[in-house]
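In this document, chain identifiers A, B and C correspond to the written order of the chains, with residue numbering beginning at 1 in each.
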């Protein structure tokens, strides 16, 4: 992990909480950072300039545990293995800023998060569904989806 | 065997009817045979067996397929232009029959000896493009239209080198009659005098028949069949039929122009003629199962920038040499 | 005469939309491309995905860790073995399970065979998209050998469920090893034949060279991985960068090229098949005796609370599993980071300004598997 990168990060985002993961290989990343969604554009910019790509972006439905959605960003390099995880909490109904203006890959990732969780990203060029059908009125990965409508005879859906 | 149908029947209409019957019979048999051959050739090149079940060596397989095609529902999509859509398969087929009636199969197997048979063949073969365009335009489908447009551009691009190559032969033979040209080659076939013209002719002919690697108007992996996308059942079968008939036509023409027609030792002329034709068809199949497809612009460039200049140069050199001799 | 063509934009009567797919022979599954064309030139291309969405991630939240095993090989049905064993390795790393050495070797052999079979299918379909049908059947012939070998030991031809937490289901016998060696020998003899039939073919080279060049910045922008990235000159391979299993014990190259065009992507994958063959041969020659399952595998898999990430190199690139556990038997969330998803999204940039015929070449060279994108 390059210290200069972390220094720049701390300068841009002073309240970043960082946990070093180098000793826990199962975590699969060099460091986990907890930030707010408002910091995401600044963080993305730092990583973009350092030559990282946005490898993965997904979301967790933590509404049962704190009433929030948690966005998970993975930044990694194209040449040397180094991965940084960012966790950012989103209140339901709140629109986090998009990263698609800096990383083209975020375009589809954010559309997927919207499709699966209904979390909209502010400033996204094309905030439409990607995997489910057009005009669907559900977000399948919400924890309460499928509970009220058991479709499988008790087996598949919880 | 009669020397000329008109002499035999006396009445030209009767002769024409008989000729059409003979030609259609031959072409149908030929298409069945060629499709079987294509399957076997491709199978052998790909370490497969090909059809084996119906008839000896699977010979009857195509016939069963034809019966299947005949039994299929003829679907006319609602959005097509009916007149064009329905007439296209017929338009494809008329010039083919006309051309076939012009070929001399041997010294005695001739429907009628025309002095300008070669011009007629070239004129009629240009007409088959009408059928393709009618199919592509009338289908009212973007893929079909793209296929039709490609087909026209390709035909224009390859007709030029084809005719230039043929002209070189005409200069040598000093005749436009297919019969005369074949007779001229009694000891030595023209391929030895005109090897470049022969190669250009064969490449251009492969393109004219829309065979791989020049099959971009159909290009099933890009245009899903191109101009015949919207056709089903026997209407599709007609296009298939036309493709194989066209192969026979260009190969027969190549045989007459470059390979000495029916001339050959021991065996009767007709047999030699057919052997040469089917050998050329085999080469065409060999192309198809070896090469990937050219891209559209590469195909046009190949013709305009390579084949046409070469053919022109060949024609000039031929004319010059003939003048000096 | 009915109205013929739907014009794309009113102000420009020359442009029109062409819908390629979801039913189209060259979109490799149910991908839909909406192309804005001017003649044959592509002005805009928009890939539309989701036609085979099966909600694997939702299924993961409804069953325990072991029950999710069969799902893994159905995410990318062409490299099912790599996904299946990758998932086992992810859970093993979380639990800290040691896998017996013989099982590790078997896993490597099976995964690399699977990689070759996936590349062979890609090879054949790329050539078929370009109009060459014969190489397709050549590839099918060789691929069939691999499927037979894997079928013998795993019981399935495509959607393998061979891995278990702590090892593999069944031990392999000497016949399997012999068949594998025979395949390697035969395939090594066949590869030069492929070369003369395809690689040296001038038409094929013209169709591929300088077609679909990826600009360098796309690698970062779209988080490209796999052979596409390596064809751009980045020496990046999860097997080497973040070694999993026992890949660090093997001697293999990571081929790279700098052209970033279709032909380079083609050459990279061909070279990868060579490398995979060499890994398989090394593994077969060194495979030790011993058990194939760890002795003490917990009956109930309950990973400690936390967030985990594990990546493997699939035939198409970086396949990552982001697993969130809440300490129960059922995963709280499994996110699958599939390589094709990111790779395909770059298509929009690459297709601009090319021709329809190039579309199939470029799409084929990206090597997508739709079920993996849609999940």
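In this section, a contact is a pair of C-beta atoms (placed from the backbone, for glycine too) under 8 Å apart; a residue touches a chain by one contact, two chains touch by 3 or more.
Values in this document were obtained by computation on a predicted structure and should not be read as measured data.
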Whose Cα centre is nearest the centre of all Cα atoms in view? C
Out of B-C and A-C, which chain pair has the most contact pairs? A-C
For subunit A and subunit B, let me know how many angstrom lie between their CA-based centres, rounded off. 61
Mean-CA-position distance for subunit C and subunit B (Å): 43
Would you mind pulling out the distance in Å between where the CA atoms of subunit A average out and where those of subunit C do? 24
Enumerate the contact residues on subunit C facing subunit B in the complex. 1-2, 4-5, 16, 18, 24-26, 40, 127-134, 137-138, 141, 197-198, 201, 203-204, 206-207, 355-360
Any idea which subunit A residues touch subunit C in the complex? 25-29, 32, 48, 51-56, 58, 60-61, 72, 74, 76, 78-81, 83, 85, 87, 103-105, 107-108, 116, 129-133, 140-141, 143, 145-146, 156-158
Can you list the subunit B residues touching subunit C in their complex? 42, 45-48, 79-81, 137, 140, 142-143, 145-146, 212-213, 215-216, 219-224, 289-298
Sort out for me which residues of subunit C touch subunit A in the complex. 49-50, 53, 55, 57-59, 61-62, 93-94, 96, 218-224, 229, 234-236, 241-242, 306-311, 318, 320, 322, 324, 332-333, 335, 337, 341-342, 345-346, 349, 374-375
